[in-house]
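Dropping the structures in below, format is structure tokens.
Both of the next two complexes hold subunit A, though its partner changes from subunit B to subunit C.
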Partner chain A sequence: MESLLTLVQLELYKIVTKPRSFIGFAAITAIVLLVQFALYIDGKTYWEFVTQSLEQTFTINGTIFNGNLVCFIILQMLLVQMPLMIALVTGDLISGESATGTIRLIATKPVSRAQILLAKYIAGAIYTVLIILWLGLIAYGLSLLIFGHGDLIVLKSDGMVILRDADVAWRFVAAFFVAFLSLMVVGTFSLMLSCFTDNSIGPIIITMAVIILFTIIGTFDIPIFDRIKPFLFTTHMIVWRNIFDNPIPKEQILQSVIILILHIAGFLGISFYHFTRKDIQN
Partner chain B sequence: MPETIVELKNLTKRYGSLTAVDDLHLTVSKGEIVGFLGPNGAGKSTTLRMMLTLIKPSSGEIRIFGKDIAKERSAILRNIGCIIEKPDFYLYLSARKNLEIFARMSGVNPDAKKLDEMFDLVGLKGRDRDQVRTYSHGMKQRLGIAQTLIHDPELIILDEPTTGLDPQGIIDLRYLILRLKNEFGKTVILSSHILNEVQLIADSMTIINKGKAIVQGKVSELLSNEDLIVTAEPVDAALAMSAIDATEWKTAFKGIEEGKLIFNIAKQRIPELNDFFAKHEVALYGMEYRRTLEDYFLKLTQHAWKAS
Partner chain C sequence: MKTPIITALLAISISASAQSPKQILAQVNEKFGKVNDYSANIHLQFDLPSIHLDPIDGKVFFKKPAKFRIKTKGIVFLPKQNPYYSLSALADTNSYTAVYTGEEKIGTVNAVILQVLPNGGENDLILGKFWIDKVNRVVLRSQLTTKSSGTILLDNSYGANSMIAYALPDQMTVTVDMAKFKVPKMISADINNKSTHTANESKKGTGVIKLSYSAYSINKKLPDSVFTEEVK
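Presenting the complex of A and B:
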């Protein structure tokens, strides 16, 4: 246990001293600030345009263009891009060591390969938590600070949901938790690929290619794709949106959460199986 | 009888139909420098990697410090320091931080004094806070040595440690390896494809080719001056041949290659042979000698080079 803690500390140190680890934080900050700036300047016009069809049916009063709505818009946009930022770090955890040759040194140290992988995985998970927390801080906290509080109007393809301001905060917390699980699936997937290759670009590109492919399959309403969709992790990664439904489809969310956790367990199992047995040749 | 540190029995590694290491036996005694020699692709690195659990053997047994590596991996590796192939580090970190990371992975937490001592020992004092990306290959090799020693291991394994070093770097490293044995009492396994490099510092050596150990023994015995290949290049080969005919040199004469007469004699008989040719008015362009093992190893490496 003590050696595992030491390994996690060392892995975290390696992550924070690598410039690429800050690309995610920088990108999130830049995108969020850009969206907030644009919405601050033109947000009301944009929202009037989006809701003009609704205004023919409803009378909308109050500050509907608020921090909650801005955060929701940002999450819709960003949760698609964030896997790349996670894969940049997790896809490099093992293959990066193989590419630089340091894998030879660490694998000859008196710690088991399972401990090495577990330490890297824990460090990757902590990194993902920090990314999510940072996103929460600037997308939710800063948006509330700039745009103020108010009820959240969520537009759906088949209508809209109005959530009271007091009923929104916990939903964002839950959404960030589901987003964390989704990102952990991506992180574990890229870590698994990382165990199979000796270069760090491969796992990152393959991870993104798989997400794009699965998302395309998920977008088309073709019968053969409909049969595949429930097994694709990307289908369940967007379940956080359902947390903003009223009533909340708890069973559907729970089912997706379980499927995401099963994906994590599966990818992690394959990673451990392969990494603890593979010959280190490079 | 010296204590046995490493014992390899029937060690074999197969990749499909290719046998990289074939039923290898090797014994290393405590406190000696062992040269592990062979041409490129002979199976040296594969053997060392199996000893360090980087590669799983297909069959056979590896016992280090009397323990089975398959069962007591951590306990064994805690007492081994190694450089495999080339010293690779985290380039974006300082040498000092790299050393600290690998020390902590080896189960020790060195204080500043210990780190200073290590950098002093390997001649990197004053450059320890620089990023490794600014280091030359020789400096990385020295850092690699510091990394092998930081946790005070009993056994040090160095795989081709002089690759890429300049002549001065090779001499420095040779001196450092000798210090490890003489001052610190370490046991060193040194792999190389250069016989001369090994014979200068090793106590014993094993030559491996195509995964098989071909020659094993003490360097002093294997490279004895009693069994030399002496070549003499006469101006007139026919005259030289007629001179040695019906003399005692006929038995030492092994043949003629590219106009050069080859003899198999002890070193102290070379002046005698020289006198013999002078007495029989056989003019020579020159004479040279090499040990039988050197000759054998040269042919081995030339063959491997041609094959590759």
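Presenting the complex of A and C:
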């Protein structure tokens, strides 16, 4: 247990010392600040375009443009892109060491390969948690600070759900938890790919390609794709959005969470199976 | 014993039918005319097609001639016109022509039906139809066809929390025609939602907003600032 803890600390040290680990934080900060700035300047005009058909019939009273709405818009934009930032780090965890040859050195230490992989996985998970917390802090915290509180209007393709301010905070916490699970699926997937190759570019590029492909399939309303969609992990990654529905489709969310956890377990199982039997030649 | 009651009822009935439509409307206005201002608690419920909006509580303020405001701490959808729009429109009996078109029962209450046609073309109201309580001379239902908001149906009920002496109901149900709210998937970013709409499905719907009033406070000289200040 103590050796595992030491290994995790070492892996975290490695992550921190790599400049690419900060690309995710920098990108999130830049995107969030840019979106907040744009919405602060022009947000009302953007929103009027959405609600103009309703305002022909009704007067809409209340603070429509508020921190909750801004955070929700940011999450919609970012949670599709964020897996790529995670893959930059987790796709490099094994293959990066294979490329430099240090994996052989680590494997000679008196720790099992399973412990090495587990330590890397835990370090990757901690990195993911930190990214999510950072996103929560600037997307939710800063948006509330700049734009203030208010009811959240959630747009759906066939309607609109308006959630009362007091009913929103816990939904964001739950959404961040589901986002963490989604990012862990991507992290575990790229870690699995990382076990199979000796260069870090391969797992990162493959992970990106798979996410883009699956997302494109998920976007189209074509009958043949409808049969495939339930089997794509990207379909379940965006289930965080359903937490903002009213009433909440609990069964659908639970089903997706279970599928995400099964994906994590499956990718992790393959990673352990392969890595503990791998013939390390570099 | 029965004879005086029947005689009284007959007298009321005769007097209702004997009065001209404008006289009836003037009696309705007389009650509401006693209200210079009021405030009350309000509970709003919404039933709007493709829009989910939870009920909310707030405060409502009115001041003559047509200042009206509902203050809530959340987002609400309200009809474009204030609920007393029709009564304000009826205040000047020379500005419209009123026609008696029959009688109908609204629930258990007998009502006289009057149609109102504004005289000037510049009026937002195109046609108004009013169901007026024969005994209490209050508007039970009104159907307004307006230039700006189409047709609006307003049902008033006068229960325990109402101020019937001032023609103030304790419940108003506003029914409006509205288009179903729809946004493109790319704007809503609602990728997972499978559309269930069919080509033949009507794009029109009916929205209902229920306003329940309680704890009326009448003619307490409301300051104008309540109609302009921000909700905290």
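Just so we're on the same page, the second predicted complex is superposed on the first by the 280 of 282 C-alpha atoms of A that agree within 3 Å, B and C clash if a C-alpha of one lies under 4 Å from a C-alpha of the other, contacts with A are read in each partner's own complex, and residues count from 1 in each chain.
The rule is short, and it goes like this: a contact is a pair of C-beta atoms (placed from the backbone, for glycine too) under 8 Å apart; a residue touches a chain by one contact, two chains touch by 3 or more.
Since this is a predicted model, take the numbers as computed values, not measurements.
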Figure out whether A:I238 sits in contact with subunit B (first) or subunit C (second), or with both, or with neither.
second
When the two structures are overlaid on chain A, which partner does A:K18 contact: first (subunit B), second (subunit C), both, or neither?
first
If we overlay the two complexes on their shared chain A, which of subunit B and subunit C does A:I162 touch? Say first, second, both or neither.
second
After the superposition on A, what does A:G150 contact: first (subunit B), second (subunit C), both or neither?
second
Under the stated touch criterion, name the partner, subunit B or subunit C, that contacts more residues in subunit A.
C
Based on the superposed arrangement, let me know which partner A:P223 touches: subunit B (first), subunit C (second), both, or neither?
neither
If you look only at subunit A, which of its residues touch subunit C in the complex?
50, 53-54, 56-64, 76-77, 150-151, 153, 155-165, 167, 215, 218-219, 221, 226, 235, 238-239, 241-242, 246
Touching subunit B in the complex: which residues of subunit A?
3, 6-7, 10, 13-14, 17-19, 100-102, 104-112, 277, 279-281
Where on subunit B is subunit A touching in the complex?
49, 52-56, 73-78, 80, 82, 84-86, 88-93, 101-102, 104-107, 147
Give every residue of subunit C touching subunit A within the complex, in rising order.
50-54, 56, 70, 72-80, 149-150, 176-185, 187-197, 207, 231
